[in-house]
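The following pair of complexes shares a single chain, chain A, combined with chain B in the former and chain C in the latter.
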Partner chain A sequence: MPFPPTSKPAGRRPAMKAGAVSATAMMAPALILVGVFILIPAIVAVIGSFFDFSMTSANWTYVGGANYRRAATDPLFWLAISNNIFIVVGSVISQVGGGAILAAILDRGIRRGGVFYRTIIFMPVVISSIAVAFVWMLILDPNVGPLNAVVKALGLPTPKLGWLGDPSISLWMLLLIAAWQNVGFQMMLILAGLQAIPKEHYEAASLDGARGLKAFWYITLPGIRNVLVLATLITVIGGFKVFDLVFVTTGGGPANATQVLGTYTYTQAFSFGNMGYANAMAVVLLVTAALLGWLQVRLSRRG
Partner chain B sequence: MPHLEVRDVVKRYGKVTVLSGVSFSAEKGEFVVMVGPSGCGKSTLLRSIAGLEEISSGSVSIAGRDITTAEPSDRGVAMVFQNYALYPHMTVAQNMGFALKVARRPKAEIETAVTRAAEILRITDHLGKYPKALSGGQKQRVAIGRAITRAPEVFLFDEPLSNLDAALRSQMRIELSRLHRELGATMLYVTHDQTEAMTMADRIIVMNGGNIEQIGSPLDLYNRPATRFVAGFIGSPRMNFITAHVARLAGRSVGFTLGEGRPPLDLEFAPGETLPRLGDAVTLGIRPEALGDEGEVHIADADVTVVEALGRETLVYSDAHTLRTTDSESLDGYFAQLVPSQSDKRLGQHIELRANRSAFVVFAADGATLHDASPIHHK
Partner chain C sequence: MRFRLNGEVRFIASALLGATILTTPALAEDIVIKMWTLDNNGYKEFISEAAESFKATHPNVSIEHQIFPGDPYKTALKVALVGSDGPDVFFNWAGDRATQLVKDKLALDITDYGDVPGGFAKVLPQGLLDSFRYDGRLYGVATDAVTKYVFYDKAYFAEHKLEIPKTLGELGGLCKAIRQIDPDTIPMPLGNKTRWKAIHWMTMLNERAMGVAATAADYDLSRPADQLYTDPGYAKAFQALVDLQDAGCFEDAPNATEYAIADSMFITRASPMEYCGSWCTSALDQAGFTDYGFFRLPVMEGGKGNPDANFLVPEGYQVSAKTAHPQEAVEWLSFLVSDEQALKFAEKVQFLPSNTRLIDKAEGVPQSFKDIASEVATVKEGVNVLDALLEATVADAYMNATVEVLNRTLTPEAAVGKVREAALAVQAKK
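And then the complex of A and B:
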């Protein structure tokens, strides 16, 4: 043979074996990362949820299900969950609904500048939540923020305690910030779904007598059904997991008005040192997110 | 009264005119094929009749009713698209019954219509399947079935067979012809494939650059092309075209140059045919099957450059050196010639290109046919 082979021209069996080995090798970095940063902490959290301990405890005290029973009777835990649900529902409406409307406008409503608007609306998605939070804290600042200035200039009343300081509106403000940051992502998802529907389907439908609302109902909606399900699930999971935005802007305040599972867990763990209790709440959050994630995978496979 | 009548239809996109005043009509039950190269406006015309394009001026009427501005679904037409356009989230049966469902017809009626169409198209076994589980040919049958259930006045087909492979295409051609006979419906069919046009049409409309070049039966177009464009478009391989000048005029006898230092080719023009003037530039046309070793006229000596055995016959391209064809299939100015497959034409062989006088067609500089060839009678 004039040249040595660059790879083993082996039979079928060894080739498959080599394939399995190299596949494992290729996946190893991802598997190790997932193991170290997700799987092991999750297992530790589950175990820890049955113990009473603090950051610096030398000994863990086994307490059985006491941490879970405590959560069940803790009004703040339930407040946090209800705030999470508020954010979830509000986000689905504002982000998926708003994203769908924006996508429809970009798809059909405007003749030019589509790429420009798409880029502008998508931009907040790539900014870190911390930066977004700081930008909005500036905007909403009762002393130097431009929002107050605009509202005052219009002759309208501004909240005395500030936009984020008033318990009756602070959660709404968080919803607004989250929507501003994420609506572009949902818009892109839905826009891609809309544009994947072939023009001929609408033409065939118009010959079949389905135009306007009927075309939307029979062609558009089934066409983007999977995308809408996906967008909704992403938003729901995001709504349960929300932490950084709340933590930076309000820290769960004022008076727990914006307390969510993420921030409450953090507070219990690192402010009060109740690691066991925090772990139990983290497990509740984990199970919720995992269930929804499983649902997401299942539904997206169906399409 | 014609069943479908298209009158002076003009379609402009901004400054671009796609259809410049097109008129034709189709009788009830007629299979009319619109054929032409891409961009000739045939699809736009079909879509205008369907109501998918708004026309700039002109009128369309079906069964005596002016439908120029009617909604697509109120025109009494059904359309079959090139890429099927089946609704992916509906089963075959739902696809076929969709129009009736939108029209809120009773379930029993929808089912009867769908079952009947499925039987005609032999897709009864597939009624419960989704489009993605079907092959290309089956999908196109479903698309045709969707049209049938609506029982339209006019069926519109927009290149329905272009996405199918060659074998399936010829099979579907036969099926469409059968379907046309069975339904007795008026059908308007767009294609760029002249074989489809020739094999299926009662009448062919040849379009070019937004205009109708000629309307006629398949053999009419083949034997008596009205223009050089039609002559080149209908028939495969293409007609050979040679540029020539009028060198001699004597009564109805016209002499054409066939190259430097050669005696002119004299052709007798029939009464009624327009005579060219002395010195006019013209194009002479001759069909590949009319070229051979024998014949009254010696056109040129040539060398065989390509031999394509097609089985029943053989397609021979030859290089006549000084005399080149224009607008030819092989692009090199070679002469195309169809000969019986028994003939022993070999690559590089030196041959004579000959033909009978009656085989020549003469086109004026503007493309109009001045002189027809006589149909060839095969022995």
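And then the complex of A and C:
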């Protein structure tokens, strides 16, 4: 017996078309914004990285891969990269690690005032980085800053060249400021993850004799694994992109000691007028951030 | 009674009306001159009043004045000049920054516009005209000049019977004496966090060690590569800075101290001296501190500098090559440096005007301002500041080297080596 011919329900194709049109229309504003403010500048940066030009020069001179070769042999470029890596590693430890500890304390260690402490710790996150930098510049000032006064009052020595003027400690100070500002955000992320773990899991584990570290290892850690991956990747990307904090507090100094890729790119572009070279460094930063972003998406999907 | 126009009358009336409409804009085309300046005390008021006065001779010209803080201005200006909505006239420092805009064809050659009766070229002295000259043509109008002195607290000096030093060695001795009076008093705070304060010191210390002529070929990179920055005077100048630091002149952490904090130490009389610009008189005046004196940075023992030379940095305005109104723009700048406006500029802004013909008649300015104006008149040789004069990467290397000398992470000789390295790299590219 022949089957009756199958056919798509009447009107489905036009409905699909209409859906696609409305989806495109809804996405269009975002796509246009991304295109104009991210995609096109990124393409121009990639193209510009193969040219030698200044911000005010009318002509661009094609130099092939010279800007990339220059970066490879520029000690300041490598210093900036190593400072970025230092900030990334230090931030993961201080912000994700610190955030995890604070989240654990707020989740289990504190019975009263949890909301109060959470608010206090989270507060710096909502302050602009520029304002944070200015506040800390005052705190760390060697002449009128309160930190020196406190350290002296404790009978401890203060750094002779200043907290931000001593090349051996200025980068550590930047880490401290970044941690102060961002640890609250990581704490909130991890706390949300901790609170999403059903209490029954702990109760069941407890019956099986898994308490304390064992419970943390076998229940808590797997439970917040995705959150930790996300927090780490956000911190890593932020560490590579850091600019405003360094620019305001040290300007990359003293004598380039705290130069990072963002500030060095800015200096080359706007102070020295080497736009092509700055573009090449921006492309390196772009590729690094894109790779990390891709890693973030991949790990999230796997989770 | 109804009045009706016949056809001929209506035609004539229409033609007259049409002609009026067509000719009116040509007679009084509204022109807006967009002007960018730095954010200095009294500047806004001065420009606003000058713009009103300018209308007496240019009723159709309005001045749109926009002000910017120093550091963002340098970047904003470059962006604006390559764009389509930049300023018609803009502030700039004489030196590398101004020259670079000329080379990039962003600054207009205003020689012919200014060399007319009443034009700026007929008013300003040759030396100041030359500060914006490139290849024999004029690309800017110097409106003022800034200079630097060691400002000192007269009452403090009198109380402790301190005397004005005649040499750098004596200046170091003075710092030691002040430290003996009170070890916690910083004799002359430096405030070099943003690096330009110490480069101002180096500008004058280089002069005191070698003189202007001996350094010129290094500064403009015209000296042969094997001799570039090889004069031992450069290391001697760095050593002089170290000696002053050793004498306790500066705060412990000059590279971590904001210049504003250094300024406030002198203004609040916590420190009895500061090497400060002529612009400081305005801030001192506003703070009610008038009992101060000033002296030039003393000469260096055994140095080849000229005692009559002093820090003198012309600054002024350039005209955008893209301006649609070059004539009006230059006429506006010429108006700003006219006798009458230069006097008002001195009174309102308390900067040294490029045209000093009427400076003695200035009212409402502290006596110290007039004294500085008189003192500047005795300067035989102006010394332009290194961060404006040198090519940008060499200037940056110089500033970083100075930071490292103050931090004692570089010796004076090694610091000169870093500067030479940067200069050679730029020279090789040229």
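The rule is short, and it goes like this: the second predicted complex is superposed on the first by the 292 of 303 C-alpha atoms of A that agree within 3 Å, B and C clash if a C-alpha of one lies under 4 Å from a C-alpha of the other, contacts with A are read in each partner's own complex, and residues count from 1 in each chain.
What we mean here is this: a contact is a pair of C-beta atoms (placed from the backbone, for glycine too) under 8 Å apart; a residue touches a chain by one contact, two chains touch by 3 or more.
All values reported here derive from a predicted model rather than from experimental measurement.
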Chain B versus chain C as contact partner of A:Glu203, first or second or both or neither: first
First, second, both or neither for A:Ile219, with chain B first and chain C second: first
Contact breadth on chain A, by residue count: chain C or chain B: C
Touched partner set for A:Met55, first chain B, second chain C, both or neither: second
First, second, both or neither for A:Ala255, with chain B first and chain C second: second
Chain B-touching residues of chain A, taken from the complex the two chains share: 198, 200-201, 203-211, 214, 218-219, 222-223, 225
Interface residues, chain B side, partner chain A - complex: 50-52, 71-73, 77-79, 81, 83, 85, 87-89, 98-99, 102-103, 146, 150
Contact set on chain A toward chain C in their complex: 54-58, 137, 140-144, 159-167, 251, 253-256, 267, 270-273
Footprint of chain A on chain C - complex, ascending: 74-75, 78-79, 81-82, 100-101, 104-106, 186, 189, 193-195, 251-258, 261, 265, 392-393, 396, 400-401, 403-404, 407, 409
